[in-house]
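Please go over the structures that come below.
In the two assemblies presented below, chain A is common to both, partnered first by chain B and then by chain C.
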Partner chain A sequence: MNAFSNSMSGPLALFANRLNTLAGAERQAAAGALARTGLPDRKFEAWKYTALRALGKQDYAAPPAQVDAGTARALLDGVLQPHPAMATLPRVVFVNGRHAPALSILPDGVDLSFFAHDPRFGLQAAPDRDPLVALNTALAEDGLLLRVPAGVDAGHVLLVSLGVAGVAPLSFHPRHAVVVEKDARLRLVCVQAGQGAYLHNPVMDIRVEDGATLEHVTVQAEAAQAISLGTLYAHVGHQGVYDSFVLGLGGQLVRHEVHARLAATRAVVHVNGAQRLGGQQVGDITSVITHAASDCTSRQTVRNVLDGHARGVFQGKVLVERIAQKTDGYQMNQALLLSPDAEIDAKPELEIYADDVRCSHGATVGALDDDQLFYLRSRGIPEQEARQILIDAFLDEAIALVADATAQTFCRAVLAARFAGKGELS
Partner chain B sequence: MSQFLEISGLCAQIDADGQDKQILRGVDLSIPPGEVHVIMGPNGSGKSTLSYVLAGREEYVVTAGSATFHGQDLLAMEPEERAAAGLFLAFQSPIELPGVNNANFLRTAVNAVRRARGQEELDAVAFLKMAREAAKALSMAPDMLKRNVNVGFSGGEKKRNEVLQMTLLQPTFAILDETDSGLDVDALRIVAEGVNRLRAPTFSALVITHHQKLLDYLVPDRIHVMARGRIILSGGPELARQIDQEGYTKFLAEVA
Partner chain C sequence: MPAVTQTREAVEKLGQSSYKWGFETDIEMDMAPKGLNEDIIRLISSRKEEPEWMLEWRLAAYKTWQAMTEPKWAKVTYPPIDYQDAHYYAAPRKKPGPKSLDEVDPELLRTYEKLGIPLHEQAMLAGVEVPEGERMPVAVDAVFDSVSVATTFRKTLEEAGVIFCPISEAVREHPDLVRRYLGTVVPAGDNFYSALNSAVFTDGSFVYVPKGVRCPMELSTYFRINAKNTGQFERTLIVVEEGASVSYLEGCTAPMRDENQLHAAVVELVAMDDASIKYSTVQNWYPGDENGRGGIYNFVTKRGICRGARSKISWTQVETGSAVTWKYPSCILQGEGSVGEFYSVAVTNNRQQADTGTKMIHLGRNTRSTIIAKTISAGHSDSTYRGLVRVQPKASGARNFTQCDSLLIGDQCGAHTVPYIESRNMNARIEHEATTSKISEDQLFYCRQRGLSEEDAVGLIVNGFCRDVLKELPMEFAVEAQKLLQISLEGSVG
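This part shows the complex of A and B:
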């Protein structure tokens, strides 16, 4: 019995049974930090716009030992199906946060191991500052540890997370680490899907070493009732490139939080994204991009399409340290609101301590353009189809930033499969 | 009412800063099949409003009068239905569509009207062949089909793209709203040839222009002068030359 049990109130109580029986110093320290802070409410600056009320009142159970193989297989096929080329790429599949060898096609030419066998938490994560990371640290069971050796072009690797749950919520907290060594290259596509009520709370620790390139696309197509709160740390070395894109389509509440550090000169980081949400969905793209060396470049373009009562959150902080002269930073968040009840909360933040930098940022919010709509209709295109064309075009300008052609096509295909003919006002 | 296009007593207003602003004040205009008619008139006389009202722009509220096309009540139709029925408006300021590929846009439009007209849709190959030929006839650079609709196009390229759309959509009635403005002489000739290629006993056009130059290439059947929301004078092609030399003042004074 440990000492925190009495202090676990609020949402944290939903995990109390599991947090009370931890072994290992790191897990206990994380649970201790959690007990002090609790899960974030709106008083946490970083969670001002995203409440965790959606966690509800039921305990989050650990996933069962067995999952129906047919169900997991069907989910996997379903999520890859929009772009058939995806089905044959090397992949590592996790079901409820545990590696599922039967569904995986393990890649060659990379070093691969699993957190379940080799539990290492990495150096970048900050459980004392980020409560969701603390929760992950306390409860992590498995995860992918992937290393691309120096000079190797590893091609594509898919990291698929499937949640298989019923009505009673369960949670899984995978702990992934990806290292792309000097002058190596990887195209990583993370795909998240599932069914039922679950909390997916992954932490990923990424290192892109000198001269290496990681193209990283994340497609969040979680179950309608799912809550998905991922935190990602990326450390980028000299002339390293971390080029990322997230496509957010839900669950119920989805947050994609990125901490990217341009740690040595001429590093390049892209934290781009697009969200397409409706109903009561909440989608949150939060990032902290830290320029910690000179002559680095960061780019961020995020586009949101929000229908129904959906709410999008964009928090983007760019921190330019004193040493980071000649920083080139760009940030743009744009939202298209399809309904009077949809909402976007945007908080761009530039914090600059160097004096010779070029940083720009901007934000726009609007509805579909009447002139554009009329132009399309005057050419004979029916109103619904015209609306769909404009919505697709708005998102497509963000998706076009994905350099990896396979992943780009996949993003488009997933969107089309989910939203074909649904451009109407709800 | 067997006329091709028949406009009678048409009044329309727009909401301007919370005030109803009357722009069309009883337009009467009749265009038979196979003819090219021209509307000239000072700025603010309602020429573009007339074109928008005929094409179905919702911001303009028709308060009186009628417009029929092939005997159908044009004003009761959605913009896309008007296009399917054969009406085409070449915009004075063509709209940019970032993120929308021009070839995809054109094909979507062509297939939408073909569907509505009960014709078979074109597949990508057949469409591209047709579009490339039409673009070539308008001396358009081949890459304009690959670019986003009107994005980064010069003024002249935008106007040619309008004529390209018109060519592909095969309207029976085209309104050209200052399609000649901002064009050099060569572009003007190319655009006029594009319109002339459509001329047929079943095709009519209403050309809004300030300049005689276009009319040298596009020989009109009839000229109408519009002022203060009405057609105040109609005549033969010589009227355009007279206006070109003498301006509108004389005509406006005569009606006043």
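This part shows the complex of A and C:
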């Protein structure tokens, strides 16, 4: 089984050992697709602004069989601690991509199984179109398979992913699937954290059936050295609602890629987000929202605050197919640059084939407003505090869009815990 | 409201949907054999009586081109182009060196008359067509396939110190100027088509406005592809010195044909301290028939550099023609406080495809740019706005405002907006907004209720939609552009 070793060049070579020893037709096909395309470089239009050079030069090993339980427990407590209400919610915890039963509090009222026992790849994520989905398909070990039965309100479920690594890099590739059946409801909060050098490469396949609602909040607080490259596919049925928000706080390089498809009439999709980055961090929010039926609504508000040498990337495409008349689409991306070395690259994109639509997008880039600062300082607020107020207010306009009050409070608390008392003067 | 009257007249006159510039002129042509190789380039260079450095420059560009591949990122599709299946040089056969218009082939003059381009200065000055005083005289350089056939008002311009001549003549007469600036804004290897153009360009205009001179009249170049199986590769270079200014307009048409013809031009603008260049284009190459047969492939590289402080470059374009358009007039804002502007109306109908927009590269402090792009799609066409705003680390205080609006007419067309926004300076401010919609039922109803036919109503609304751009055109051309919009959209409603 050494079929691909010669053709794996660039960063893909870092996974070659594992890709060459795969069993199963689906995994081998994915590895074959990868060997043909390689991992994307900047010549791929979708990867124009994000280079995978960050993967470095060292091979990525499979995670070890045992992880120190105390370390994982401490990471979990640490990431949930900012908002105490989180600790008691039902949760499914993965450590290095594998289910950790000892840390989990499994939810009731939902069908729950695991990819490790029931490896189904799902239909939406296509390895031949997306190299990172192919990498996941080839190397996925475990993942959450969650089904909310028709008509059930399942309340909150936390999906926590912890990376526990040392200096030598390892990678894990969880494969999750979430189905919210007809008229059912779920509040899903994904939390990502860890320590050491690892690559987290999850794929999540979401189906929101007719009349169902999924509120989905993702908090990315990966380890400083970590790379996280996640792809999410969401399929939304008639009058279904997929309301999502991502809070990006890094890793070294974090990309959150969402493909949402409004597949039947009167579906609603929100793909909102906020990023707060500093140092050498790169954060990339990429989305493709496809209107494939009439009378659907999509909304997107993304706010970026970039300090130090951080670079923020936003790529948001709204595709309106010919059949999708009466589409209502709105997209707004705004960036605040706090330092002379920070950078934002934004590419909001409209691709429209139906004529009876109302679609618009906007983008702004700028620094903190001097007039606003002056206003606050003239009222006796010290400069540092005044800046903090303005930054918080800027991000809060996106966080306020989170409908789930618990998750909203959690997002604010995580931000406050991370940046409290840290000067923004640069 | 004269605009409305104009529009109505235009529609009435035209009746059936047609491309009225689609005739072919039967004229004796001097053509190079088909194909592209070093010999052809040597032939072009020798026909143009070029100095040795120019030939070397062309050959170097040809080498570069051979190593390049066609760009594929634009949102357009077309069958592969066989670059060996075209004539790279076609010129009206003429007696050597026509010294005045009297020596120009009368057939040619009739062609330009049909196109409404007056080459007879006397006629214009005497006010035969338009009463004197109502219209500023316009100096015209007419380019027919590969060569410039006539340039008017050269005396008047010379008195002011302005050089306005075919670029092939400039290569011979003003080699120092050409050599200093040619290829400095768009290097030969910039992209596939600029390399091709640099190797085989045949004619185009050269403008030089010396320090402190405000060019006394509008300058205009009229490009016409006439011969079959030819490509047109014109090259325009405009240099405006400190404190000087010029307004320049180009227009273009081609006969109707089943085959596709390639037009790959390069335009370079250089503006020094306090200089200002206004470059307007009314692009009306043959767009192909309603089934998408024939039409021009318009793959053009246009770029201006604001080298001096407080200099200004303004691009205004009305794009109604071509089967496939691929064009991004750009500004490099290098001088402190320099200004770049881009005003565009792009109309596509039938099977046309346009991928057009601009690039604003902010290098200097306090540079400003404005982008207003209006896109109208009808029939089975696809139209894309693709624009880049980049602020480099040194461009403190840079400012950009971008507005892109798309209008869809009919449910078989597409309109796309792809802005790229890249900022590396915290003190820059960038704002971008874009909308896509169709003509509102309410507006249409309002007009119909007052007795306008549906077509007239659409014309009125479209003119309103494009107003922000049309008002930037020199007056005479604004009227022409308005008519053109009407004609281009004919048959797309009801």
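One rule holds in what follows: the second predicted complex is superposed on the first by the 424 of 426 C-alpha atoms of A that agree within 3 Å, B and C clash if a C-alpha of one lies under 4 Å from a C-alpha of the other, contacts with A are read in each partner's own complex, and residues count from 1 in each chain.
Convention: contacts are C-beta pairs under 8 Å (C-beta built on N, C-alpha and C of every residue); 3 or more make two chains touch, one makes a residue touch a chain.
Bear in mind the structure is a predicted one, so any value in this text is a computation, not a measurement.
Clash-free side-by-side placement of chain B and chain C is the outcome of superposition onto chain A.
Within the superposed three-chain arrangement, the count of touched residues of chain A is higher for C, of the candidates chain B and chain C. Of the two partner chains placed around the shared chain by superposition, neither chain B nor chain C is touched by A:120.
When the two complexes are overlaid on their common chain A, residue A:36 makes contact with neither chain B nor chain C. Of the two partner chains placed by the overlay, neither chain B nor chain C lies in contact with A:53.
Applying the stated contact rule after C-alpha superposition, one finds that A:389 touches chain B and leaves chain C untouched. Using the contact criterion defined above for the overlaid structures, shared-chain residue A:129 touches neither chain B nor chain C, since it reaches no partner. Of all C-alpha pairs linking chain B and chain C after the chain A fit, the shortest spans 10 Å. Judged by the document's definition of touching, no chain A residue lies at the interface with chain B and also at the interface with chain C.
On the chain A side of its complex with chain B, the touching residues are 370-372, 374-383, 385-386, 389-390, 392-394, 396-397, 400. Residues 45, 322, 325, 335, 337-367 of chain A are the ones that touch chain C when the two sit in their complex.
Residues 73, 391, 393, 406, 408-438 of chain C are the ones touching chain A in the complex. For chain B in complex with chain A, the residues that touch the partner chain are 55-59, 78-80, 82-84, 88-89, 91, 94-95, 97-100, 105, 108-109, 112-113, 116, 165, 169.
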